[in-house]
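Questions regarding the structure given below will be posed in turn.
Chains: A, B and C, in written order; residue numbering restarts at 1 for each.
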Amino acid sequence: MEAQAARWTPTRRRWRHALESRRVLAPLLIAPAVVFMVLVVGVPLVWAIYLSFTDAVGGSLSGHWIGFDNFTNAWHDDNFRRALRNTLIFTIASQAIVVVGAAVLSNFLVRDFRGKWIIRFLVVLPWAAPVVLSTIIWLWLLDSLYSVVNWTLAQLHLDHALVWLLGAVHLEEGAQVPLQWLGRPNLALVAITVVHAWRILPFAVVIFIAGRASIPNEVEDASLIDGATGLKKLWYVDLPLQLPIALVAVLFGIVFTAVDFAVVYILTHGGPFNSTQVLPTWAYAVGIDSGSLGAGAAISLFLFPLLIVVTVGMLFFARRAQVS
Amino acid sequence: MTRRQTIVTYLVVVPFAIFLAFPFFFALITTFKTNLDLANVQHSPYTYNDLAGKLHWDFWNYATFEHVRFLFEDTNYPTWLLNTAIVGGAVVAITLLLALPAGYALARLAGSWGQGAGVAIFLVYLVPPTLLFLPLSRLVTQLGLKDSLWALILVYPSFTVPFATWLLMGFFKTIPPELEEAALMDGASRLKALRLIVLPVSLPGILTVVIFAFSLCVNEFIYAFTFISSSEQRTISAGIPNDLIRGDVFFWQSLMAATLIPAIPLALLYNAFLDRFIKGFTGGAFR
Amino acid sequence: MADAADEVARAGSALTRSDLLRKGTAAAFAVSMFGGLSDRALGVYGPLKFAKKELSGELRIMTWAHFVPAYDKWLDGTYAKQWGEANDVEVKIDHINNALLYGQGAAEVAAQSGHDLFWFISPPASFQKQAIPVTDLVQEVSKKVGRMARVARKSTYNPKTKQFYGFPETYAPDPVQYRRSMLQQAGVSLRTWDDVRQGAAKLKQLGHPVGLGMSNEIDSNMLLTSLLYCYGGYIQNEDNRIVIGQGANRRGAIQALQVMKEIYTNGMSDEVFAWTAASNNQAFLAGRLSVALNAISIVRSAEDSGNQALSDDTWLASIPRGPVQRLGNEHVMGVYLIWKFAKNKEAAQKYVVDQMLAYEDHFVQSKFYNFPPWTNSVEGGFKTIRSLATKDPHKPKGKYSILTTIAEKYTTNPGHPGNSTPVMDEIYNTFLIPQMFAQVAQGKSSPADAVSAFATKAQQIYRKWHNQKLV
């Protein structure tokens, strides 16, 4: 210690002192990340915002200022409104499924049973596969002619029953066998929702398991002493404690689903007749494929403020729930 | 567990596993199907049939390895796998390099504005790539990185770093400050404390970030497709749809194989690290 | 030259696994470490160094992955190499999926850097401000081989700017492909759309419906546009104004919508709404569909499939006649753009002109998929084309002759009778036409309402591009 102190010169001590100061060290450590993000995300984002107020076309980087025209035009286009509606539907519906499914599955996956490792491996698969590739598998599973889902239903003699059921609940009237999972608008909505839920579920399960693992043992013991078991325990003890982690899982799921481009693009390309377009795919169709760059930028940006509000809200909520 | 509990467990867990893994199971079967077998609507998709559609007990004689061979020999698939691994590894390294100090600083040193700043950084993740890929294309070209993996290595941290910083910030907050206090009192500098005390303890958190960041890289395809035009420089998410879907023709069997080959090892890996990963997540996320 | 032959053989045949691994790994590693050397990496397409000679210039071409893969092999391995050697230029060709060409183009424009020649599968009117006009090149070729076909001219000429913004490279006519045995069995003719309307139900009863798509993909776009032409439901007029909402055009469009609705209700199934560009091919080759409207990739795939019976039974026909006319859209209109920021404009210009002066090989190597925009680019014009087509050995003999008739008489450009404007481009890329038809077919809208809604949208799109002074 003393030898070390002896080695320190006055200048060196001043430097070290500076580095110890929070005011210097904090920004210094954060700076690389922030600088990087400003350059690679911030600058392009600002440019994209600028673009949405212009009439830029064909991939060029500038255009004439037209104010809010792109936004109002988009709002009056029913294809856009449908895209917005679909984005919300897919996100909320798939995440609802995910939350319930993950809550249930995680509850059982923390127990010990034979074959647990294999089951966990199978559960994790959708998350491990790149989304583009696994969606192509789904494209094959739901193919208009070769769908194995339809083939299996037919073999089990359930296909006509399912058609009747769909008509009975007014989901799809007049559907025919084999069911066109990607060709009838409501079936396509269902199919896409299922695929979204399918790929997010493993991820949510893991988060839920993490949450359970963080419940201190004292709580378990306390609830045993209090006589709270089974459903009562679930409702009064487990769920409230899991709320913060559940919110985080839902938040991630919402973000992953709302900004997703690949699933819709690959499965339906926005069809049938533009009824499954979501904001990212519609923005691409208008902005890139059609060359109306400004309009496409405006459509892309519609979701951004909403996501910010949702994110901040949920994080805030999660923090409050956790503290209490 | 009681016997009843075990039965209930299986009753719940098995259907979920089937639902989640079925597409891959089916992809595995499809990989080895011959073209004529696959194209025939009457044939069972679950097994291998002869030309007349009949099943045989030695079904493997009616399957083929041709499509896997095609994938490896007549396309750039091995190169794509390698490229994906290179990009993933490099981006994970860069992410850790940028996010570890930032997360630590936000957790420990930033005081009151730390939490808010962390959330703000996370929000950067929400900017859609379908919007950004055009100006980024220009950036990449001006840096002379067009058509090279460096373009992706440069751009991918733009979405992994926000994520990782916020995660690590949460995680570092769960490490008791006393650990560092003790070291500081012993005369160590902050940086030294970070390196020698905090990092070893935060291994689960780092593992979390590694898995997330790698997964984000492998899944990305808009940038991967746009910045790299030549087939041999592509990653799997861009190369496979481009080369195995030729306009009118889908090479279904090869597509199935192409998905299984990265998915299975990755799933094994994630599974193996799941316990440590859970520890990593428990610590972080929302505190 | 032995080396050339080696290179061609190598590019054309499957590389052995160890070859690919060795080259692929080494190249990938080199590339990842030294980004600037990316051009020098080896690949399956577009070898870079020709024999031992270091070529002085470089020409980078972006094009689609041709639906006839053999053509790409020939193009990269033979034609481009020979042209490159003769002109002292290294030709590098990249192929991507046709659906992603626009995204790639937009990125190159944003980056102001990329390939020299960029090929689009339909007239890329929205990009014209980014390309150099090619009027001089067009005139040069016209002087040497005669007039360009109407479909090509209307696709690439902008009457507002009085320039040719893109150089047409090829077009593909859109024939009907049908299973003769099935149609004979059901007693159905394809002469007029009315015949199709009446015959669809019979074919469906047979278990082999017709396959006319109404999905978000290119096949549907083209066939439905053709249907509109046949009924006189023009979207644009000669001056490129939107006219589908009024008068005879409106009536024609409503009729076309009604016909399609009937065909769907009686003779098709829901699958036609879920199709990708490959689906009608697959369904036809699986023996399910009896009729499809598509470029010849279906019948060529049938020939390659090993299913002799199917291939012999697949015949070609022209598009059915409607009450107004018999007219179809081209299926593909390949147009080259030379970017303003292209590095080697001279080589690009020479390449496209040279290719057009001697197109016969392209026509043959693409198995008659690629028709020449200047008919006399194949010496002897349609006469030679027809005799080549008729000589095709596949049964029934002479079945490809009708392809020539279709190209000669019954093929026109998107936006007929006007030009292929950015307005048409946007209408296609947002799939408004399949949307209109599918809504009516599925009973979600009346034909009149659907036409009105479509016309309104088209007008909005027109206004937008009008403000850009491009239409």
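The definition used in the following text is that a residue touches a chain if its C-beta (ideal position, glycine included) is under 8 Å from a C-beta of that chain, and two chains touch if they have at least 3 such contacts.
These numbers were taken from a predicted model, which means no experiment stands behind them.
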Chain contact graph: line, ring, star, complete or other?
complete
With respect to inter-chain C-beta contacts, which pair, A-B or B-C, contains the greater number?
A-B
Report, in whole Å, the distance between the mean C-alpha point of subunit B and the mean C-alpha point of subunit C.
36
Averaging over Cα atoms per chain, report the distance between subunit A and subunit B in Å.
15
Going by residue number, subunit A touches two or more other chains at 59, 61, 145-146, 284, 288, 293
Spell out, as numbers or ranges, the residues of subunit B touching 2 or more other chains.
41, 134-135, 138, 241, 250
List, in ascending order, every residue of subunit C touching at least 2 other chains.
103, 106-108, 110, 276, 282, 286, 288
Given the complex, residues on subunit B that touch subunit A span 1, 5-6, 8-10, 12-14, 16-17, 19-21, 23-24, 26-27, 30, 38, 41, 44-46, 97-99, 101-102, 104-106, 109-111, 117, 119, 121-132, 134-136, 138-139, 154-155, 157-158, 161-162, 165, 187, 189-191, 215, 218-219, 221-222, 236-237, 240-241, 250, 252, 255-256, 258-259, 262-264, 266-271, 274, 277-279, 281-282, 285-287
So, in the complex, the side of subunit C touching subunit A is made of residues 102-103, 105-110, 126-130, 214-217, 269-276, 279, 282-283, 286, 288, 422, 425-426, 429-432, 434-439, 442, 457, 460, 464-465, 467-468
Contacting residues of subunit A [partner subunit B, same complex]
1, 4, 16, 19-20, 22, 25-30, 32-34, 36-37, 40-45, 47-48, 59, 61, 101, 104-105, 108-109, 111-113, 117, 119-134, 136-138, 140-141, 145-146, 148, 151, 198, 201-202, 206-207, 209-211, 213-214, 244-245, 247-248, 255, 259, 261-262, 266, 280, 283-284, 287-288, 293, 297, 300-301, 303-304, 307-308, 311-312, 315, 318-319, 322
Per the touch rule above, subunit A residues touching subunit C in the complex are 55, 57-61, 73, 77, 79, 139, 143-146, 175-176, 178-185, 188, 268-274, 284-286, 288-293, 295
Please name which positions on subunit C make contact with subunit B in the complex.
14-17, 20-21, 24-25, 27-29, 31-32, 35-36, 38-39, 41-46, 62, 64-67, 69, 94-98, 100, 103-104, 106-108, 110-115, 276-278, 281-282, 285-288, 297-298, 301, 305-307
